[in-house]
Amino acid sequence: MAETKLTKKMIRKSFINWMMYNLSLYQPETMQAPALVKMFGDIREDLYPGDLKEQQELMARHLPFFNTEPFLGCIIPGIALGMEAERAAGGDVSTELITAIKSALMGPFAGIGDALLPGTFIPILLAIACGLSANGEVTGVFFYMAIFLGVMIPVTWFMFTKGCQLGASAAEMILGNDLKDDIINSLNIVGLTVVGCVAAAYARINISWTYVQDGVTLVDLGALINGVWPKLPVYLGALGTYYLVAKKNWSAMKVIGLYLIIAIVGYFAGFLAP
Amino acid sequence: MAETKLTKKMIRKSFINWMMYNLSLYQPETMQAPALVKMFGDIREDLYPGDLKEQQELMARHLPFFNTEPFLGCIIPGIALGMEAERAAGGDVSTELITAIKSALMGPFAGIGDALLPGTFIPILLAIACGLSANGEVTGVFFYMAIFLGVMIPVTWFMFTKGCQLGASAAEMILGNDLKDDIINSLNIVGLTVVGCVAAAYARINISWTYVQDGVTLVDLGALINGVWPKLPVYLGALGTYYLVAKKNWSAMKVIGLYLIIAIVGYFAGFLAP
Amino acid sequence: MAETKLTKKMIRKSFINWMMYNLSLYQPETMQAPALVKMFGDIREDLYPGDLKEQQELMARHLPFFNTEPFLGCIIPGIALGMEAERAAGGDVSTELITAIKSALMGPFAGIGDALLPGTFIPILLAIACGLSANGEVTGVFFYMAIFLGVMIPVTWFMFTKGCQLGASAAEMILGNDLKDDIINSLNIVGLTVVGCVAAAYARINISWTYVQDGVTLVDLGALINGVWPKLPVYLGALGTYYLVAKKNWSAMKVIGLYLIIAIVGYFAGFLAP
Amino acid sequence: MTLLQAILISLLGYLTYIHVPFLGGGLIGWYCVGRPLVSAFFIGLILGDVTTAIQLGVYIQLIFIGLVTPGGSISPDMNLATYVALPIGVVTGLDAGATTALAITVASIANVMAAPNFAATMIPVNYQKKLVADGKLAAATKVPIWGNGVKFLFRFIPTFVSVYYGQVAIEWIVANSPQALIDVMTIFGNPMSLVGFAILMKLMIKSATDIIYFTVGFALFAALGADMVTVLVFGLALALIEFKVGRARKGA
Amino acid sequence: MTLLQAILISLLGYLTYIHVPFLGGGLIGWYCVGRPLVSAFFIGLILGDVTTAIQLGVYIQLIFIGLVTPGGSISPDMNLATYVALPIGVVTGLDAGATTALAITVASIANVMAAPNFAATMIPVNYQKKLVADGKLAAATKVPIWGNGVKFLFRFIPTFVSVYYGQVAIEWIVANSPQALIDVMTIFGNPMSLVGFAILMKLMIKSATDIIYFTVGFALFAALGADMVTVLVFGLALALIEFKVGRARKGA
Amino acid sequence: MTLLQAILISLLGYLTYIHVPFLGGGLIGWYCVGRPLVSAFFIGLILGDVTTAIQLGVYIQLIFIGLVTPGGSISPDMNLATYVALPIGVVTGLDAGATTALAITVASIANVMAAPNFAATMIPVNYQKKLVADGKLAAATKVPIWGNGVKFLFRFIPTFVSVYYGQVAIEWIVANSPQALIDVMTIFGNPMSLVGFAILMKLMIKSATDIIYFTVGFALFAALGADMVTVLVFGLALALIEFKVGRARKGA
C-alpha cells in the first residue's frame, strides 16, 4: 500500500465538512455532490500543494451526481478521501476507480441506511422518549438527545475513518481480491430491493378519472388500474424514469421538466389528482 | 445450419392456422394438439412432397397433448415449425428434440402468458376503455379494438416468425450451447410458481361437512382444514392429480372419470359442496 | 463398513426407550438428553461388555443438551445408536462425529417436525374426528386413535431403524461424500427459517408502558415499538438470548435466571405486562 | 326482439366464444370482440341501440375485467352472461343492477355445460387420431374446422333459447333445473383445471424438489394473498437465481 | 364425583401430560389419548357418561386444535384445561359455553407452574449427571423413570384438587391468587421458549449471515402473517437454493 | 408572540431543516433538534412554557414518528408543521387536537414549495460548477455555505409569516391559495423521488434482469403490505444468495 498524505487534521476537517454540508445544496440533479466538492476543496492544498491543475481536476471529478444516506453512508466519502489521498501520494489509483467505488456503494447505503436510521433506530428512541415526556417532562427530550448523539457521533466517526483506511487499500482489495465484487453485487441487490420498496412507499401517481352516474361511481380508472397491480402507475413511472435517465441519458432537470408538463396536462385534462 | 424449406407463404399459412384453430377442439385430454396437427397437415405436401409415410409421421407426432397460452406462447408452434422444416430439409433434427422443446416451453409460456395477457395487459386496456365508454360512447370500444389488435397482431406475428428462425437453429443452440438448458430450467421455475398460484386461484374443492347444533355451527370441517393451511384440499388435489398423471400415467379422461365419481359420491355423502 | 454389534433386540429396546422417555426429564438446560443417557445406559453391557470405563464415557457423552421433535426426529437417536454400535465394534467413528451429527440434525428436525406433526397432520385428523364425534359419538375418537397410531407407529419405527442403518455408514457418507454437507447446510436453513417463525409465534414480550391522558392513550410504547417492526422486542430478545448462549456460553439456567430478574423488575417498574 | 336479431346475437355469441376459430381465432374473437364492452357495441348495432348497449356493457365488463382462463377453466361463463343478459337488458329496458344480476345468474349456472362440452369434443378429437392412423391426412387436417360444430351446439342453442324466450324463460330454467344435477356438475367442474395443471407439472417437474416451486406459488396466493402478477415477480426472482446457479455450476 | 373417579381422572391427566413416559410416551399419551377429544372418551368412561363427555370434548378440542409446543413452550396448558373443565362440565351439567370458558381460565393461569416445574426437574437431572460421573451407571439409567415423579406432583395434585373440589374451588383459587405472582410468573414464562431456540440456533448458525434465515422466518410470521406451514414452504425453497449452490460450488 | 420570539422560532425552524448545515448538519439539526419532541423543548424555552410545548410536541412527534425521506422526498413537511403549529398552539392555548390538525394542514400544503426550492437551488449549484471550471477553487469551495441562503428564503419566510400572523393568517392563506396551483404542484411533486431512485437504479442495475430485484421490493410493499424493515430482511436474503452464488462460481 502506498503511503498517503492524510493527517488526522485533514480527516477531522473532512468529516466535519461532510457531516455539515451533505445536503446543503441538495437538488435532484447532483444531490449531495456539492458537499463532496467542498470537502475536497478544503484540503486541495494539502493533497496537491501549489498544483492548481490537479486541484481543479480533483474538485471537478466530484461534481457529478452523488447521493446516499448521509450518516451510515458516510463511509463512502471516507473511502473516496482515502483513495484521493493515496492517489495524491503517487499511488496507483485511477480516477475511474474512485468514481466506480462511489457509484457501487451509494445505492445500497441509501437503501439500507434509510431503513435502519430513520426507519428503525430513530422511531424506537422517539417512542421511548415520548413515553418519558408524555406529561411535558424534559426527561424524554434529554434522553433522546443524549442517546441519539451519543450513539451516532461515534458511529459516524468510526464509519468515516474506517472508510479512509479502507479507501487507501480499496484499489488492491478490488483488483486483488475477487471477494469484493461478490460483496458489491450482493449489496446492489439489497439496495435495489429496498429502493423498490421505497419507490412504492414514497412516490405517488394518482389517476383520478372517474365516471359517476346518479351519484354512483361507475368507472374509477385509478382503482381499476391499481386492481390490476397495486400502485402500477408508480411502477411504470419508476421504470419509465429509469429508462429516460439510464438509457436515454436524460438529465434529472429534463425529467423534472417532463414531470411538470405531465402534471399540468394531467391535471387540466382531469386524469391526475393530487 | 441446414437449409430449410420454409417459404414466407408457408409461415403465413401456419401462423393463421395456429391463431385461428388453437383452441378449436380444446378438451382436457390433448388440449391444443389438434390445432398443431391441422397446422402441419396443411403444409405436409410442402415439407414432404409425395411422401405419405413421412407426412403421416409428421402429423402423428403432434397428436399428443399440447397446451400453452396461445398468443404470447405462439413462439412454440413457431419453433416446432422451424425444426420440422429443417428436419424435412435433411437437417440433423431428431423427433425427440422437437417433442422435448415443445414440452420444455409450453408450461412456462402458459403461466407467464396468462399472467401477462389476460392478467395484466387486457384489464389495463379495458379499464381505460370503460372510462371512455362510460356514457355509452363508442370511443372506448374503438380504442380497445385498435390498441389491442394493433399491439397484439404484430407481437404474435413477431413471436411466431422469431420462433421459426430460432427453431431452425434450436438444435444447435441446445446441443452446442449450455446456456439454453439454464434458460429452460429457469423458465420452468417461473412456470411452476405461476401454475401453483393459478391452481390455488382457479381450482376449487369445497368440503361442506358441518355439524350444526341449536343453530350454531359447531364443526365446520372445510373451515378447520382450510385453517390448517388455506386451500389445503386443492393443494392435495393438485398433488394427487399430478401423481396419477405423472407417476401412474393415467390419461386425462381417466382422471376426469375419477373426478366425476368423487363429485357424485361426495355430493350425496354430503362432503362436497358446489 | 465395519460390522456392528446391533441386534434386533437392542434396536427394539432402544426404540421403546426413546419413544417413552424422550421428554421425561425435560427442562431447558439439557432438554431430551437424559432420555438418550437412559437409552444408551440400557444397552451399555451389549456394546461394551464388562468395560465400565467405556460404558461411562458412552453415557457421559450424551449428557449434554439434545432436543428435537421427538417422533419424526427419532431418526437422530437412531443414527446415534448406529454410530455408537459401530464404534463399539471397533469402527473408525470418532466421538466428535457422533456429537456433530446430532447437533447438525436436531435443529432442522425440530422445526420441520413441529410444523408437520402437530402443525399439520394432527389438526387435519382432529378436524375430521371432531366432525365424526360432533354428536357425542365415539366414532371420531376411534377414528383418530386408529389412524394416528396406525400411521405414526410404523413411521417412527421406520425412521428409527433407518437411522440405525444410516448411522453405521454415516461416517463414510459424511467423509466420503460431499453431498452430505450440502444436505446438512440446506436442512439448517429450513430449520432456522422455521425456528424464526416459531419464535415469532410462541415467544411473547409485552411492553406495557402507556401514558393515558383524560382516558385517551397518548403514548403506548408497546404499540409504537411493534409499529417499527412487529414483535421487535421478541426479535431482540431472541438475538440477545442467542448471543448469551452462543457467544458468552451462558448456561440455560443462567439465562432463565436473568429472565426472572427482568420479569420481576419489569413488572414492578411497570414496563412489562403478562 | 325479432327472430333474426336473436339468431344474429346468438351467432355472434358463438363466434366470440373462447374455442371458436371463425372470427380469426381467440385474439380477435375471445379477447377482442368477445370482451363484454366490445360485444355490447355489436349487440347494440343488431338491436339498433348502441348507446344503451354500451352503457350496460360497461357494467358487465367491469364484473369480468380480470377474467383469466388458465388450463381451460372458463368459469364464470362470461360469454353466455354477456350474450344473454345484455340483449335482454337492452330490449326489456332493465336497469344496470338488474342486468348485471341476470348476467351473474347466467354465468354461474352455465358451468353445468362445461363437462359435457368437453366430453363431446372427444368425438372429433378421437376421429382425427383415427384418420391420421389410417393415413387419411387431408381429412384429418379438416377436423378442427367442422369439429368445432360440437361447440356450436353447446353455445348457440342455450344462448338462442335464453335470448329469444327472454328473462322469464331463464328464470323458469333456473327454477326448474334439478338442483342436484347443477350441484354435482359444479362440484365436478370445480377442480377440472387441475388436470391441465398436472400435465404441465409433469413436463416442468424434473426432480421431486421442484414441487417446492409449485408450492411456493400456491402458498403466495392461498396463504399470503398475493395476486398473480406478484407471484410472477417472485417466480422470476427464483428463476433468476436458478439461472445464476446454473451458470456458476458451469463456471460461466 | 366420587373420590375414586377424581383420582382416576387426575391420574389419566398426569399420564397424558406431554412429559410423561408411562402411557408409552408422547405418541400415545400426549398426542393421542391426551387430545381433548380422546381424553373426553376416557373421562366419559370413568364418569359413566361417554356421550356428554365427547360432546363437550369436541368443544374443548376445537379450541386447542392447532396447538404446537415448540422448544418446550406448553402454553396454553391444554392438558390441565381438559382434565379439569371437562369432568366438572359433565358432572355439574355445564353447557358448552361455560365448559370452554372454564377450560380457558384453567389453561391460562396454569402457566404459573411451568417455571417451578422446570426448576424442580433439574434435581433428578443433576443427580443423573452425578451418578454417571461416579460410575453408578445402572442407577443413572433409572433416573428418567422415577425422576418423572417431579412432574407427577406438579400435574396430579393441581388436577385432583381442582376436579374434586370443583368449579367453586377453582374460582376461589383464581380469585385469591396474588395477581402480582401470576403476572410475574407469566411475564417470566412468556419468552422462555427463546432459550431452547437459542440453543438450536447456536447449533444451526454457522456464520453470522445465517441469522438472515432466522429473520426471514420471523418476518414472514410477524410482518406478513404467514402461518407455520407457509414458512416451512419458503424455508424449503431457500434450502433448495442453498443445496443447488453447494452442488454448483463443487461443480456437481 | 413577540417579534423576537417569532424570529427566533423561525430561525430555529430553518436551522433544523433537513438541508441546513449550520447546526452541525443533519445529525444534530434534522435528526436531533429537528424532531418535533426536541424542537418543542426549544420552542418552549423561547416562549417561556416548556411543559406545554413538550406536551403538544409529543402529539406532533407521534404523527411523524416513522418519517423517512428517501431520495429527497420530504413529504409531509414535518419541519414547517412543527415550527408553525406548535408555537401557535402554545401561545393561543390550543388543545392537542386543534394543534395536530393545524400541523397536518401546514404539512400538506407546504409541498407546494418543494419544487421551486429545488429549482432555485440549481443557481448556486451551477455557479459552483462554473467556478470549478474557471479554476476559482477557493470560491467554489465556499458555495455550499452561502448557497444555502436559497433554502433560508424558502424556510424562514413562510415560517415567520405563519407564526407571527398566526392561525388566522394561515387559514386565510389556505383559503385564498389558488387550488389549481396547489394541486398541480402536488401532482408535480408526487413522483419527484423517482428521479433520485432512477439515478440510483442506473448505478445498481448491471443487467436487465436486475430489475427483478427492484420489482420484488416494490411488490413486497405494494402487493403484500410489507414494511421497509421486512423488505430489507428479504433483500438481505437475496443478497446472501447472490453472494454464495458468486463465491460458488469462483469455486470458493
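Order of writing sets the labels: A, B, C, D, E and F. Residues in every chain begin at 1.
The working rule: a residue touches a chain if its C-beta (ideal position, glycine included) is under 8 Å from a C-beta of that chain, and two chains touch if they have at least 3 such contacts.
All of these numbers come straight from a predicted model, not from anything done at the bench.
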{"item": "Between the pairs B-D and C-F, the one where more C-beta pairs touch", "value": "B-D"}
{"item": "Copies chain E and chain F - rotation angle from C-alpha fit, nearest 5 degrees", "value": "120"}
{"item": "Fraction-based call for chain F against chain D, same above half, different below", "value": "different"}
{"item": "Intercentroid distance (Cα basis), chain B paired with chain A, Å", "value": "45"}
{"item": "Separation of mean Cα positions, chain E and chain D [Å, integer]", "value": "52"}
{"item": "Rounded Å distance between chain A and chain D, as computed from the means of their C-alpha atoms", "value": "50"}
{"item": "Numbers and ranges of chain B residues touching at least 2 other chains", "value": "119-120, 123, 127, 130, 134-135, 218-219, 224, 227-229"}
{"item": "Multi-chain contact sites of chain F, meaning residues that touch two or more partners", "value": "58, 62, 65-66, 213, 215-216, 219, 223-224, 226-227, 229-230, 234, 236, 238, 240-243, 245-249, 251-252"}
{"item": "Set of all touching chain pairs, with the criterion as stated earlier", "value": "A-B, A-C, A-D, A-F, B-C, B-D, B-E, C-E, C-F, D-E, D-F, E-F"}
{"item": "Chain F - residues contacting chain D, complex", "value": "209, 212-213, 215-216, 219, 223-224, 238, 241-242, 245-246, 248-249, 251"}
{"item": "Contact set on chain E toward chain D in their complex", "value": "224-227, 229-230, 233-234, 236-237, 240-241, 243-245, 247-249, 251-252"}
{"item": "Chain A contact footprint on chain D (complex, rising order)", "value": "58-59, 62, 65-66, 227, 229-230"}
{"item": "Partner chain C, residues of chain E touching it in the complex", "value": "18-22, 24-28, 31-33, 35, 37-38, 40-41, 50-55, 57-58, 61-62, 65-73, 75, 115, 118-119, 121-122, 124-125, 128-129, 132-133, 135, 137-138, 140-145, 147-148, 151, 180, 182-188, 190-206, 210-211, 213-223, 226, 228-229, 231-232, 234-236, 238-240, 242-243, 246-247, 250, 252"}
{"item": "Partner chain D, residues of chain A touching it in the complex", "value": "218-219, 224, 227-229"}
